[in-house]
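Presented sequentially are two complexes of chain A, the first with chain B as partner and the second with chain C.
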Partner chain A sequence: MSAQSEEKVSIAGDAKLLLIAIPLVIWTLLPLYNMLLFALSNKQSVFAGHLWPAEPTLRNFGIVLRADHHHLEHFWTQFGNSALVAAATGAITLLIATFAAFAISRLRVRGGRTVLNMALFTYFIPAAFLAVPMYRTMGLYGLLGSKWALILAMVAIASPYAIWVLKQASDKLPLELDEAAVVDGASPVQLFRMVYLPLMGPSLVAVGIYALLLAWNEYLYAFLLLTNDTSFTLPVALGNFLAADDSPWELLMTTGLIYALPPAAVYYAFRRYMVSGLTAGAVKS
Partner chain B sequence: MKRTLGLVASAAVAGALFTGLSTPAQAQEKLTVWWVKGFYKSEDDALFEAIRKFEQKAGVKIELSQYAVQDMIPKTVAALDSGTVPDVAYSDTYDFQVGSKWAYEGRLEDLTDVLGPMKERFAPNTIETAFLYNDKAKKRAYYAFPIKQQTMHIQYWKDMLQQAGFKEADIPTGWSDYWSFWCDKVQAGVRRASGSRAFGIGQPLGVDSTDSFYSMLTFMDAHGVKMVDDEGKLLVDDPANKKAMAGALKDYTDIYSRGCAPPSSTSWKDPDNNVAFHNKTTVLTHNATISIAAKWLDDSNNASLSADDRAKAKKNYDELIATAGFPNRPDGKPMAYRAAIKTGVVFANAPNKARAKEFVAFMFDEANLRPYVEGSLGRWFPVTKASQESAFWQADPHRKAVYGQFKAGTSTFEFTKNWKFTILNNENVWAKAANRVLNEKVPVDKAVDEMVARIKEVASSMN
Partner chain C sequence: MTAAADASSPAVAPARAANGWSSAQIWGAILVAPYVVVFFAFVVYPVLYAFWLAHEPESYRKLAADPIFFRSYANTLIFLVVAINLKMAVALLLSGFFTIPRWWIKALTVLFILPWAVPSIPTILSVRFMLNPEWGVINQTIFRLTFQDGPNWLNEPWLALFFAMMVHIWKSLPFWTLILLSGRLAIAKDLYEAASVDGANRWQQFRFVTWPSIAQLYLTCLLLSTIWTLGDFNSVYLLTGGGPADLTHVLATLGIRYLRLAEVDMSMATIVTALPLILPLVYFMMKRLSR
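And then the complex of A and B:
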């Protein structure tokens, strides 16, 4: 086959891929485009059906950022609550998962695998079904209405997957490293701090971000476990916009858009870790 | 020695902490209230003010939690299932979906001692809907407290009517003539004049919508359908009732099949008929509150909008949108409207029932209840006679129309007699029947038979 025909085959292959990719990209971006469209429209032209607002405006962003609407009165507090819950969930999940994965994978503690399997077994039950038992548990501990209730619930949901990912990544590290460190007199704590943690960097970042985003986007547990406007996270507060059949859609979409920015920024900042971290150990090399 | 001292000190600190955490001896008495989040600030402000006054008067701290209307039932059900209920709870959706069921199951506190003495203050067919059956206690009593009510209204654009070449005086009052007028004459006229594909009637038909079942049940009322007696016994097998149901379903679906409602209306959710109306895609729509008009009133006072937008909103509210009642029934009698009475509850296992009842009684003080209801800009109508006569209801043509509809007399929903109708409403068997006719081309009579079969399956026994 000549170089020219090889090039033609390659171009045809690319074109086929593009034919599949373009509709997929449009389909994926359409909701985001609609959000942007609403956010840039003024109140009276939100449903005008234009592909682009006749008079684009940033006024909605001003209203949201100034918290200048009844449903946005506590916008910054609720934004802060979301950040706090997400950060705490990310940190605690990371702590638990790192220790657990180290113990199971490197120290090979007895029963470690069983613990991991039991934790993963919880994923057989949809998280929504666990909402009421979780509500009752938090009630028994007197935590209802406290942000701790949501943080602990999210940690419980995020941890099994986090442990599994870290355990898989940890299994990939050569055991000889541990053996060499032990020969040099390293204790398990030193092994953890000086060998394990530095090598697990990408996976730790990925898992932390996974837990953080999970908590950031949570709705069901947040509305069940939190109790008032000043303790709500922003997704729950956004529900107030849908309280009647004449909602200020432009403000709802603007708030949603603003709320989507921090996770997007986090994802793009750490995206190289996300892919390598979450797939580490997925295949045996 | 040092170690012993350290241990003693630690034990002392731990003991003090434990004591501090476990015995809040002199803590202020608390009352937990869950209340639906108001759509307008004025609603919430009125509630906060009432709570502030109650706290001052009773010396009780109210812990208020407000949730969006769609979250109230899941949240309350979770609380009931886990046994940690609030003392007082109110949502705009309890009456439609859960109130009668909870009463039947014995989950609610009897409020007769609170509501009984003030019974005379309520307008007809309001407090009666809170007189629910408790199968555990084998009795009927006031297991809920009525706060406000809603009914069906017609909203239409006067300017579009004029554009079609008609005046308001041209609108017929007879049932068939009325729908034909909007369907055939106004729709054709608007399309001719504007060149747009506008529709005469915004007919809610979506299965996932409360507007659709409220609208369709209003059509059934117009045709004289009576599905249950006062004891909740089904009357759907009565041939006259079945015939009336078929008439209502035919009228309701004909509007769509004749092309007078937007094609998308079979999948409309509650906001969609509002949106289509605001866009002027439809000339008329029916809605279970005057939220459509109230939106423009709210916009006209919204400081974050431009002066132009505010002026436009004011014009829409004051001049261009009309609120009206339905036409006369097919038999020529004036329409009687079914009202949904919005109720709150005190749970049977609430921790502070005595204070909860005190708070409910306090809320019924006209000085507290009236600002709360009027804070909704006319979306909700009062349940007490005194509040209904407030100047607020005579302040503009929309409110006057609402007042007129309620004063003409109202009827109640079937679920106040037979709680199983809450299930049928949640399933929306009414819109499902309409969709069988429109989407699956099932004959009207067959769709009615299927609907009746489902009603009997669900509601023939209240157990």
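And then the complex of A and C:
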């Protein structure tokens, strides 16, 4: 086969590939594009149904960022709540899971297997089914309405998977490292600080971000456990837009877009860690 | 009693040390403690409490008398069977597409992962607006092309459930595609070379090389996805709110519906009725993963 005809085959082949690629791109982008369309339209042209707004405007972003609408009064508080809950969940989950994985994998603590199975079991309870019991329990603990209720619930949901991933990664570190350190007289604490932590870097990043994003994105638990406008996280506020009759849809979509940007940015910034660190642990065949 | 304890304690202490209560074990116990506390306070206790609230047979009688309950159970089963199999089959095909070595397909992966990378609440609301009968982009387009009014999509229970499944698939398809893609990329290249030397066509390569290598992974994905889909609250709740007339609820949203109606016992009973669906899956997954 000459080089020229090979070229032709590849071009014909690529054309066929486009038949898959184009519908895929449309399918992927359509809801996001619709969101952007709303965000760039002014109130009058929102419902005109154009594929691109006649007069695209950033006015909506200005209104949202200045919290200049009665639905958005607490925008910055809610944004702060989301950030706080996400950061706290990420940090606490990381701490708890790192400790547990180290104890189970490196110190071989007694009952470690049982703890791991408890964690796995939790991971396999669909989160929506635990929500109502969690809601009642938080009520009994007197935490209902507090951001701590949401943070602790998210930690309980995020840490099983975090422990599982970290334990898998930790098992891959050679045991000789620990033995050498112990021969040199290292205590478990020194082992943790000087051998375990430095070598676990990428997995720790992946797990921390996983918990952070899980908490930032959570809707159901936030809407059950938080009770007033100033303690809501952003997704609850977005959901509440729907309840009102006079909802400004263009502002809702603008707020949604602003809310979606930070996690997407974080995800893409750490994509390398996320894909290798998490998919490997998520499904081990 | 005290004397006996006193007398035995010196003997017990060294025995313990001999059993391995070394400093590693003590530190190990301290370090797993935070998770164990979280587990008991926020998983075990709520679960036991739920069972206790759900122990009255009366709750199940009320549940059985509620037609919405049966509809939700049926919806859940349909959702699981249709949405998961469709999603995984498409993910399997697409993962093959993404193995094709072209620079632009690699670039497309980055775009394709977007639904997974962005939070689901705003995107589901966006789909909801797209489907609005009067001013949604879909019916606007239908009107422009045909001068006919489009259907009221979310007002037809089966259509609404169908769109909830589509939203679910839109969100989770990238994740499963990437998992299956990593499974495919782990297959040794020379297997394919050997197969093509033997004259295997595309289908035969898939049938005899790809599939045997990723069948286990596919099954694991199927089970895990079933568990997660059972807990998918957002796709139904934010798109249809369970409506019209509570006909599109699934078990995940039904529990919340009862909670809102201040029927906590029925809410808990709903969860208990889901156990026959969940427990075999959990058992199976535990066995697979904790080898």
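Before moving on, here are some points about what is shown:
Going forward, the second predicted complex is superposed on the first by the 252 of 285 C-alpha atoms of A that agree within 3 Å, B and C clash if a C-alpha of one lies under 4 Å from a C-alpha of the other, contacts with A are read in each partner's own complex, and residues count from 1 in each chain.
Operating definition for what follows: contacts are C-beta pairs under 8 Å (C-beta built on N, C-alpha and C of every residue); 3 or more make two chains touch, one makes a residue touch a chain.
Computed from a predicted structure; not experimentally measured.
Overlap between chain B and chain C is detected when the two structures are superposed via chain A.
Of the two partner chains placed around the shared chain by superposition, neither chain B nor chain C is touched by A:Leu19. When both complexes are overlaid on chain A, the residue A:Ala269 reaches neither chain B nor chain C.
In the superposition on chain A, A:Arg136 makes contact with both chain B and chain C.
Counting residues of chain A touched by each partner, chain B versus chain C, the larger count belongs to C. Contact with chain B, but none with chain C, is seen for A:Asp229 once the two complexes are overlaid on the shared chain. In the superposition on chain A, A:Gly112 makes contact with chain C only, while chain B stays out of contact range. In the superposed model, A:Trp216 makes contact with chain C only, not with chain B. Using the contact criterion defined above for the overlaid structures, shared-chain residue A:Thr122 touches chain C, although it does not reach chain B.
Once the two complexes are laid over each other on the shared chain, residue contacts for A:Leu95 go to chain C alone; chain B is not touched. Legend: residue contacts after superposition of the two complexes on their common chain; A:Leu197 is shown touching neither chain B nor chain C.
In the superposition on chain A, the residues of chain A contacted by chain B and by chain C overlap at 47, 49, 131-132, 135-136, 224, 239, 241-242.
Residues 20, 23-25, 27-32, 34-36, 38-39, 41-43, 45-47, 49-50, 53, 94, 97, 100, 102, 104-105, 108, 110-115, 117-123, 125-127, 129-130, 134-135, 137, 140-141, 143-144, 170, 174, 178-179, 182-183, 214, 216-217, 220-221, 224, 227-228, 230-234, 237-238, 241, 251-253, 255-256, 259, 264, 267-268, 271, 274, 278, 281-282, 285-286, 289-290 of chain C touch chain A in their complex. Per the touch definition, chain A reaches chain B in the complex via residues 42-44, 47-49, 59, 63, 68-71, 131-132, 135-136, 139, 144-145, 223-224, 227-229, 236, 239-247.
Residues 36-41, 44, 63-71, 74-75, 78-79, 81-84, 211, 270-271, 273-275, 278-279, 287, 291-292, 294-295, 299, 302, 304-306, 309, 312-313, 379 of chain B are the ones that touch chain A when the two sit in their complex. Residue ranges of chain A in contact with chain C, taken from their complex: 14, 17, 20-21, 24-25, 27-32, 34-35, 37-38, 46-47, 49, 95-97, 99-100, 102-104, 107-113, 115-122, 124-137, 140-141, 152-153, 155-156, 159, 163-164, 187-189, 216-217, 219-220, 224, 235, 238-239, 241-242, 249, 252-253, 255-257, 259-260, 263-264, 267-268, 271, 275, 279-280, 282-285.
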